[in-house]
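Chain IDs A, B, C and D follow the sequence of writing; residue 1 opens each chain.
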Amino acid sequence: MEEKKVLAYPIVAVNDADTKHFFDNRYGTGQSTIDGILRSTNILIAGSRFVVLGYGWCGRGVASRARGMGAEVLVVEVDPLRALEAAMDGFRVVPVAEAAREGDVFVTLTGNLKVIRAEHFEAMKDGAIVANAGHFNVELDLEGLAARAASKRTVRASVEEYVLPGGKRIYVLGEGRLVNLAAAEGHPAGVMDMSFADQALSSAWIAREGRRLEKKVYRVPHEIDREVAALKLATMGIRIDRLTDEQARYLASWEMGT
Amino acid sequence: MEEKKVLAYPIVAVNDADTKHFFDNRYGTGQSTIDGILRSTNILIAGSRFVVLGYGWCGRGVASRARGMGAEVLVVEVDPLRALEAAMDGFRVVPVAEAAREGDVFVTLTGNLKVIRAEHFEAMKDGAIVANAGHFNVELDLEGLAARAASKRTVRASVEEYVLPGGKRIYVLGEGRLVNLAAAEGHPAGVMDMSFADQALSSAWIAREGRRLEKKVYRVPHEIDREVAALKLATMGIRIDRLTDEQARYLASWEMGT
Amino acid sequence: MEEKKVLAYPIVAVNDADTKHFFDNRYGTGQSTIDGILRSTNILIAGSRFVVLGYGWCGRGVASRARGMGAEVLVVEVDPLRALEAAMDGFRVVPVAEAAREGDVFVTLTGNLKVIRAEHFEAMKDGAIVANAGHFNVELDLEGLAARAASKRTVRASVEEYVLPGGKRIYVLGEGRLVNLAAAEGHPAGVMDMSFADQALSSAWIAREGRRLEKKVYRVPHEIDREVAALKLATMGIRIDRLTDEQARYLASWEMGT
Amino acid sequence: MEEKKVLAYPIVAVNDADTKHFFDNRYGTGQSTIDGILRSTNILIAGSRFVVLGYGWCGRGVASRARGMGAEVLVVEVDPLRALEAAMDGFRVVPVAEAAREGDVFVTLTGNLKVIRAEHFEAMKDGAIVANAGHFNVELDLEGLAARAASKRTVRASVEEYVLPGGKRIYVLGEGRLVNLAAAEGHPAGVMDMSFADQALSSAWIAREGRRLEKKVYRVPHEIDREVAALKLATMGIRIDRLTDEQARYLASWEMGT
């Protein structure tokens, strides 16, 4: 909208604040996705083959937590940089068609649509569990699945069983909506506090500076990010150091460099 | 009872089967304890100081999962071997008095009583969360806590808030009973299946062999353990190798050794 | 230099390429720092208290690998965002003065100077090991240490022992130069290949496009980063997916969004 | 030999002491095997497919460290219990024939012979690296490999390149001898100290008690294990708790139990 010059007022992209996306997306979604899967299914994650589709901030949060619970984690990506990062982080990186045959649990976090499609559902093992923690309810092609299913019923709160012709059963959590909201309680307070602080302090900043701003999208000012992080550390009882004067001068100068 | 010769019939110690204590206690308790804490409190585990009291099979399961969820894990032990193992596994090992001052979350899994006592509750930070996943409800000295508390109320299902004189709040989960049973669903089916298989096959073994057995405590026969493990692998779709004849002969002989 | 308009020609900041700093700095420095410490000292990392000073790309690489080898890892930072990230990653975050008293091994990776100073050396335990993997040889104040030391001798290749008055011994690796170069072989070929590819393809890009470029600092074009990552995945035998046409259209449009 | 009654004097099985096999085998071999591979090859472990053959104490040490360095770890086992444990620990468990096709690095730690045989070498990828950290030099069938190889040469200290007909290259480390001894410095002092303490204290015990002992194999007395562990904790600066009198009584009684 900024590029098309249709913004009616200045915007602060709070979701891009470091204290938002680094924390809310990674640590919040990482934990609450696991939580949503546990509450809805009570499966044992240790020993399962757990497929994470999308290795952005949310995806790496979930991959890290699934490994931390004892799963063998497979990652599906379309971006070569992220795929390489996943491989270097020790995850097994495979195309979605291969993952579909092997996985016990699937979670999509891509921000895109139809990431798991009818042909993938058909390739899955009997009993596969499928959830979305990314984007609305478009990441799973549930229409395609429903069109092929012989029957569908609710077997447990937030768990729908689709039976394919031949008898294979696929379990979809939370109707493909964000599983951490549908089946758990969303992000913990300990991560939302930072997001809300970003919103509050950014609103105050716009109220203060708004008349000088243009009708475009602004990043959250770095000082706000630092302030939120420093407040959070204080509530956690964590103390850190400050640069000495000599170090601050050194960082500021390039003449002393290299 | 065996030593005192008061056993009335032969016993099989199913809890000591490898497929029971290695799996049920470690992977089952590890996951379901985290699950119970999440369901009852919805706290963010990442960044928390998480104290595990007792580093037996259950304790190392919980320590491993808490780390896997992003906590800094502290371990309390009385046994020097287990304490050393915890340290070598990268955990910070401290006495309970030090842990009490630093921890955000505490879980006891010792099989003993009064592991967290009144003086430890008094040393805790405001807002500390305390749970037991070990032994009945005797690991936490809740009588001692109640005796010192100015007030007590339920703030959320399975969460009781004790307010100490001065205003410090301590949150006790599930009344000190096993938190994975009190606040979650106990072990997942994927781990109980092995425990039940051990019980079933051991019962069959006693029915078959019982007349030849003495009135003492027997280990689960190793063949049953192997059979349960092999069946479990098959249900997980995991194939393994067999020894070649040459390897089997080698293992059986000591003359070719060293 | 760009800001002061003293650049004589266009520059490509190859070190900022994703395939450089994400990989070379994190995975390369992470491993080779551990390698340098092992080759020079042969200490057991499991069970040690390992202090990482600086939680940038290099620092988190080393912290991750030290934990992976079984250490209890402490992180020292001056930036609240990075400090918070370290805490959420499960590391214990402390001021340098506290770390100095507790650590067994110290590695600096800050890009700054005098990160470990004379008062910190004096607070260390007898036998502490100190290395730098960040910036030249200025991160450790070795002049300050030498001024206080009663004696200094080489006890093993790349290991110098400073004895403080009172008899406490401090071991400095590689004279405070980058320990992965001083005591190991630097980054593995498997990570340098990407850095060199970035340099080669960026040089070709400048040769091709240079006449159209201004005298300023350019980022490595994203297409080069993607190409290097894709080539690397191919050499690793890893295949990934492509966006479907529908997905590519979806990503490109905001009208279909939210 | 005990069973055949050919022992000439009492033996203490020091290798079975908890402070020996839990630590020396797991933490010692875990680290020094990685060390040997790094010194001999300088490969990047992150992103590699690292195959561990044998999931005993040594094998799980190496698997844990390889994962900690960023590898995707595959485990090969013949024992269903150990295979299941590896799977529950999040490792991918496969037959050796499948591992042979996929692995970048292979380490045997089975205590058996001919674990990797000619047909496995032939199935490997060009450039595969193979080492043994288990048992003498019999775990790898190097005779079988040599018989099939078109040529063989030393390409780096401790690294021999076998070229198979067709041009595929296999790199064998340390001639199949224990790679941590052949290419690194063996276990660190920080783990050998416990093994030596076990030997010294067991020798003292035999000297003291020997006349009362029979000609059989004895376990290291538990008190020695505890003493070694307690001494080690003290040298690491780690303090632990003691049982209260009430706890000690509780542990000792079964009447208060269940």
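By our rule, contacts are C-beta pairs under 8 Å (C-beta built on N, C-alpha and C of every residue); 3 or more make two chains touch, one makes a residue touch a chain.
Bear in mind that the values here come from a model prediction, so they are computed numbers and not experimental data.
Colleague: Which of these pairs, A-D, A-B or A-C, matches B-D in more than half of the residue pairs in contact?
Modeller: Duplicate interface of B-D: A-C.
Colleague: C-D or B-C: which has the larger count of contacting C-beta pairs?
Modeller: Output for the comparison: C-D.
Colleague: Can you work out the whole-Å distance between the CA centroids of chain B and chain C?
Modeller: So the centre of chain B lies 38 Å away from the centre of chain C.
Colleague: If you average the Cα atoms of chain A and of chain C to get two centres, how far apart are those centres in Å?
Modeller: 26
Colleague: So the centre of each chain is just the mean of its C-alpha atoms; given that, what is the distance between chain C and chain D in Å?
Modeller: Inter-chain centre distance comes to 31 Å.
Colleague: Chain B: which residues touch two or more other chains?
Modeller: 27, 46-47, 67, 70, 84, 87-88, 236
Colleague: Would you pull the chain D residues touching chain A in the complex into a rising list?
Modeller: 46-47, 67, 70-73, 84, 87-92
Colleague: Hey, which residues of chain C end up touching chain D in the complex?
Modeller: On the chain C side, the touching residues are 27-28, 30-31, 34-35, 38-39, 42-48, 64-65, 67-70, 125, 184-185, 187-191, 236-237.
Colleague: For chain D, which residues are in contact with chain B within the complex?
Modeller: Touching chain B: residues 1, 18-19, 22-23, 26-27, 76-81, 83-85, 87-88, 93-96, 111-115, 225-226, 229-230, 232-233, 236, 238-244, 246-247, 250-251, 254 of chain D.
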